[in-house]
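Each of the next two complexes has chain A plus one more chain, namely chain B in the first and chain C in the second.
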Partner chain A sequence: MSLSVALQVAQSALAARQTETSTVSRNIAGAQDAGYSRKSVLLSTVISESGQTSGLQVEGIGRVTDDALYASLLQSTAVGTSQEAILEGLEVLAETIGDTELEMSPSALLGDLKTALQNAAADPNDTILAQDLLSTASDLVTSLNESSEAVQDVRADADADIADSVDSINELLGQLEDLNTIIVRGNQSGNDITDALDSRDQVLLALSEEIGITTLTRTDGDVVVYTDGGVTLFETTAREVSFEPTNTFFATTTGNSVYVDGVPVAGVDAIMPTTSGRLYGLTELRDEIAPTYQSQLDEIARGLIESFAEADQSGGAGSDQAGLFTWSGAPAVPATSTLSSGLAADIQINANADPDQGGNLDLLRDGGISDPLDPDYDYNPTDLAGYTGRYQDFLDALDEPRVFDAGVELDPTDTLTGFASSSVGWLESNRQSATSDLEVQSVIVSRTAESLANTTGVNIDEEMTLLLDIERAYAAAAKLISAVDNMLDDLLASAS
Partner chain B sequence: MKTTYISTISMSDSARTQMMKQANTVNTLQIELSSGRKADVGLDLGSRTGEAVTLRSEFYYLHSIIDTNALTASRLDISQAALSDIRTNSEEFLASLVAVRDSDGAASVTQAEAEGGMQLLISRLNTQLNGSYLFAGLNTDEVPVADYTDVASSNKVAADAAFLAEFGFAQDDPAVAGITVAQMDTYLTGNFANMFADPAWGTNWSTASDLEVESRISTSEVLSTSVSANEDAFRELAQVYTMMSDLGNVNLDSEVFKTVVDKAISMLGSAIASVTSLQGEIGVAQERVSQASGRLSIQTDILNERVNALENVDLEETSVRLNTAITQLETTYAISARIQQLSIINYL
Partner chain C sequence: MGLYGVMRTGVSGMNAQSSKLGTVADNIANSNTTGYKKAESEFSSMVLAQSSGSYNSGGVQAHTVYSISDQGSMSFTTSKLDLGIDGNGFFVVADGDGTPVLTRAGSFVPDGEGYLLNTAGYYLQGYPIADGATPTTIANGLGGLESVNISQNQLDATATDSAKLWTNVPESATIVAPADLPSANVATSTYSAKTSVVVYDNLGNELTLDVYYSKTTETAADSEWEVAIFNSEDAAAGGGFPYGSAALSTQTLTFDMTTGELTGASPTDINITVPNGGTFDIDLSGSTYLAADFTVTEVEANGNAPSAVDSVEFDDDGVLYAIYANGDRRAIYQIPLADVASPDKLTPLSGNIYQVSTESGDVRVGFPGEGGLGDLAVGALEGSNVDLASELTSMIESQRSYTANSKVFKAGSDLLEELVNLVR
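On to the complex of A and B.
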């Protein structure tokens, strides 16, 4: 009987409209949620065996996705966070240089030392000028010590951040496991899993901030996650990511590697290294950039000790000895043209020249700082008050070409002042390129995120106009029911 | 199929990020405008930051050389003035000696003049600047020349002893009248002259060092900027003044006195020539210091310009950019407020 079919169709239409209304209201609620993708109701027409249409059926809830955009968002996010981690470290390192106007970098203080030497040489008998020279020299030493400390702090902070990053990776992998199970089961039983899919996408996005990943979707929506180096991070179950933090860093300390499922993926001995994500940026900072800057500082310190070293004046073959600038290996001078790791933290003012430590200021002028009792290293044995030879030696030595370790990314044959200034240039140019890389990358990330949001997101205006349609359709279906009702009434009345 | 679709969240998001970006620009430009320098010099210059740091230290270093050159110049000026005094005085003394050579009774006049000359010579050679003795060579913290007028002084004691040993009596003994020309000649060329030669000069007269004070007058030039009291000219002058004041001159036989005067005249001639050449050397040094300072001040000007070019911003340009940025930001505010109001809800 056709009337009952009409009634049935109208009823199914009412049910479909109600599902649609609830979807519209879900969409509007999620409109300001960054990870929310627009949901739509999947409808189909029910056709009876006789070939008649017998109404609408809700097949399920669909969700708008764009796999290509999503994959590129994962990748560009990972690159962006790695650059961000590196830049943050470089900015802390750049504080050892500060504004050029502040004259606080080792390079600027080296310039101050030359000025103090020139002043002292103009009046070698003036103890105030000698005192000034000594305090400039100790400022320089303090600056090297503090810069070295700052570098090691950056490494220690990076190491702690790596530990945090590993914790959050493990936590995210745990969440991923739960969501993935829900999705696989939901797919098998036909439940609405769209919200779980949204959440899983958000978890993967958060994961890509920590470590570069690639994903693969299998049957039933099951996802497999690999690091960008190819190590399995998640397959049905989460793999363990482990890391042993180091508390204190010295120039000679090597930080531990990060292991995924027993495979080292970040750190000096990584065999399947990850190449993006915060984890990568932090290990790069801890194991490459900061140690290189430390080595440069160490070489500046070595150059200083070498420039101020004292030679045997007796005509004998005594080896050079550390003078005004000394170190724990004194009286010997560190081996030439080879990096002596941690020297910038070790360098100090020789107590023999410092009156506060029982030393004698005149030794600055006369030499013999290494051992005041050894006449072989006394440049001015009769203590002539006008002797400037030593000061002139120092000034010449600072501008003399010398050989530095070739492994510190700077020109190995340079003057000490030139080398120190190249180190400033090296750091600032790294900071500059990291900043501009990050600027570009953040534009890419935000454009990709915007495109993805435009493809999968909700437009409230659109939902509102859809709601109008739904209202109309609902009203029409309701009207149909009441019309059928009236017709049935008429039928019953005529039958009675 | 969806065409030109835009989601609500990206509409509000992009307005927000635009505003933040522009507010950031305004902030940076405002810092640059108020300081006149780039907001983050290191970030802006990158690898050239090292150059900026070096230029700055070079600037201060060259300035310090200009300052120390001023000190060197004043040391040279004072040395020059002292040498000039010594030369004028010895020239006057030479004139008097030539005038009185053949007149009797002149010994007392020349003796007084010689004593004055000796005092002037010693006081000039002991000139001090800033706590340093200018004619002491490198031994700048000791008085270079002993005071001959003090009877206990080493040079006076040595001179007395030498005279006594040669003749058997002191200079003020009337017996000096008995000294013959030959005896005097022997003494003057022998033991007397030896007092002014090394090593006696170094023991009795002078503590000065032969090594000269060296001053760095530019980044690469090191210059000797002192004259030592041990120069031959000063020894000769000391010898002349000693022989004309302290050989018992008044009581000498007139022929012997003439021998002494002749000796003094010939020695003065060569001493004056030597002092003049020392003055020439100092003059050359003065000239080089002043030229070096001139060059350095040109260099510091260039360095200054270079640092400014690296670190400073063009104020006009910055203020125009700041104005534009502020206008832009205000427009963004106005437009985003209007966009936020746009909603179909208002028309339903």
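On to the complex of A and C.
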């Protein structure tokens, strides 16, 4: 028996070396592929019950994995993308402040308005100075209107991005379902599923960019995916992720929530909220950060209308009326100390003071802008050319502490100019902390990805050394075959 | 008698050696035949009655013996239907008429109708398995066996009949008012957490069960949670409450505030009847109540959607599994191994098969690995147990013996000729 067995064992060794060679070539081909994990051949020696060896058997192909590193990569990726989405939005918002040198922000223009008021107060009869005051005021209104529009654009873009993110989540879940079926079936029937496992890991990684996930592995490599809030995303089949996009945003608009498996996971009414991933970052931006900034702008607008409001001069009990800065609710002034949503988009220059719209510039000095025909609100009934009382009122009002809404994340008791500059500070500090968070997170993500690649990836040098070993072993097995062949030749020669 | 006797003895020796050469020729011819067992010639002497003073030469008789119990070496293949036996025993196969015989040649392929047959055209026999029940064997006979067919389970659906759902419910959850519990099934119903599980009804339809967890009470000693299960198909447009029909089942779990686990008195499962499907308990025993987010720690439900057989494979116990396209696997046959008391005394027939003879003893049937029977090697074939080198040496040996016998014959013939020449 022994010669035949020797032949057979050598043959099985050749087959095993061939499989190993093909695996090495697969590894080299996949070396540059980000999601490729190193494959290796699983071999076992076979010994029969009677103790007789039958050589080597190729049991299958294995791959190198590191579950802990992979799970931490999933998590840090999700955190990173959420911060990235927030930062992108904050940067767009920061453009409303613009370069402080260019002085386009509401805060800078408020400073200009103060200077224009001081100039006008120095020479109240000068129409050029009055005109300058009016145009500065009008710039401020435009800036507030545009900032408000920019904030709502950021919200609308975030909403559209959420819709894109939801689409890609659904697509990824579809791919996951296909790959998962292949893996489960392959595990059952013993096929080589290592490439499908690599692809599934890549899909899960792409999924974690959109929404934070946790995974659970069941028998036969079947994977179950939950959001980081615990809602089922994938279990046997993909669950539906749905979202109704909103096309136009106003300050009062509330964006819709994202539903996973019927549970709201992102948005104002989330029950099992997700806490990472692009989806989370975008909803944070749409529902928290941008609305807060909008509220701050609204409060600046309300402060302006209040500062320039006109009081009843007749001694009667007439209510204050909106003056130079007015709004759609004029002649009344907005309710004091509370947020009036959307005011920054609504604020405008009173036409009665604008000569271009048939108004009278003198009203800036004299008062009565709310209603030029109502003598009760005329501060300068005798039309004294040197009257500066009104300008002084304005200047005082700008520097007078007033009460702002407490829910806008700024000091509720502040002067209007102080409030406007803290709003700038709030946005800038948010942006800076988001930038540094993202920097730290991207280092974590890249380090984790690197460690994972070091553990599971292909080292070309190692593969080449392995190839040399395989070559040697193959040559030895081939040599063995030719030796057995020679022995049989000798035997046949003696038989003839 | 003398010289004629010598010649006859030479002839018997030549006959015996030619018989041996015959077995060698057969062995060499079948040295690559799967499952072939080598034949050998053994000799026995024939002694004649002796008279004093002269020797009556007898002769030699050749007997053919088979090394059927001798294990051949295993060679591995890529086909999952190739089977080898490592140890004692034989596959039970049958010819077209259904007559069972034994073989060690396990290279099976399906024929046009899905029956597994080996190279020599014999059908593999096995016990059919219905609904996962272990087949009963008849220990001393080949009854109850049928030809294994791998194409019969074309489309099959199984309703879910067991499930497990272990979760951690968050300690931080707020208490849901009784009027707003999911079990009330109103538009304002709310819950602490939700998950869902896919199950299958009798027709293999995929059903998603929405499972709602709601905290109802919390005391210093324990916390009660309502578990309500709804059929997701009944959900209101856009998902959620109110569902078109009441909860399929509700249960109240009580968690111990000290251990965070279910109290001894708390139910540990929830009974559910799937619409047009099975009635079973979902195991909730591993549920916990800890200060962590809602987390599913174990989720399982059996059953499968209608699915075609994708492939079949044997396991080491001889169970043939059908692998469905959805990855599910189900046992459809178990093949037995048969053994006899004296395998070497079986009668070999063409096609590497062996027939039970009176000398071999009765057949004994069991499953691979049981009661002294060998293991099944899947994806392997048992090669011929012929060793070419020893066959060649015994060929030379018997060649020489044949020549020697012919010399004896010639010597006798020559002496006889001398004797005849004396008469002239």
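Following the convention adopted for this analysis, the second predicted complex is superposed on the first by the 495 of 496 C-alpha atoms of A that agree within 3 Å, B and C clash if a C-alpha of one lies under 4 Å from a C-alpha of the other, contacts with A are read in each partner's own complex, and residues count from 1 in each chain.
Simple rule for what comes next: a contact is a pair of C-beta atoms (placed from the backbone, for glycine too) under 8 Å apart; a residue touches a chain by one contact, two chains touch by 3 or more.
For clarity, every value in this text was computed on a predicted model and none was experimentally measured.
Following the overlay on chain A, a side-by-side fit with no clash is recorded for the pair chain B and chain C.
In the superposed model, A:Val46 makes contact with chain C only, not with chain B. Of the two partner chains placed around the shared chain by superposition, chain B is the only one that A:Ala385 touches, whereas chain C remains out of contact. Residue contacts after overlaying the shared chain place A:Met487 against chain C, while chain B stays out of touching range. By the touch criterion stated above, A:Arg63 is placed in contact with neither chain B nor chain C. By the touch criterion defined above, A:Ala121 lies against chain B but remains apart from chain C after alignment on the C-alpha atoms of chain A.
Of the two partner chains placed by superposition, only chain C is touched by A:Gly230; chain B is not. After superposing the two complexes on chain A, the shortest C-alpha to C-alpha distance between chain B and chain C comes to 29 Å. When the two complexes are laid over each other on chain A, chain A has no residue in contact with both chain B and chain C.
Taken together, the chain A residues at the contact with chain C in this complex read 1-5, 8, 11-12, 15, 46, 48-50, 52, 54-55, 57-58, 181, 184-185, 187-190, 214, 216, 218-220, 222, 224, 226, 228-232, 235-237, 239-240, 242, 259, 261-263, 271-272, 487-488, 491-492, 494-495. Those residues of chain A that touch chain B in the shared complex are 31-34, 38, 94, 97, 99-101, 103, 105, 107-108, 110-112, 114-115, 118-119, 121-126, 382, 384-389, 392, 395, 399, 417-418, 421-429, 431-433, 435, 446, 450, 453-462, 464-465, 468. Residue ranges of chain B in contact with chain A, taken from their complex: 2, 5-10, 12-14, 17, 37, 41-54, 56-58, 60-61, 63-65, 67-68, 71-72, 130-132, 136-142, 209, 211, 213-216, 219, 222, 226, 311, 343-345, 348.
Residues of chain C touching chain A in their complex: 31, 71, 73-76, 80, 86-87, 190-191, 193-198, 206, 208, 210, 232, 235, 238-240, 293-301, 310-311, 313, 321, 323, 325-329, 374-375, 377, 380, 383, 385-390, 392-393, 395-396, 399.
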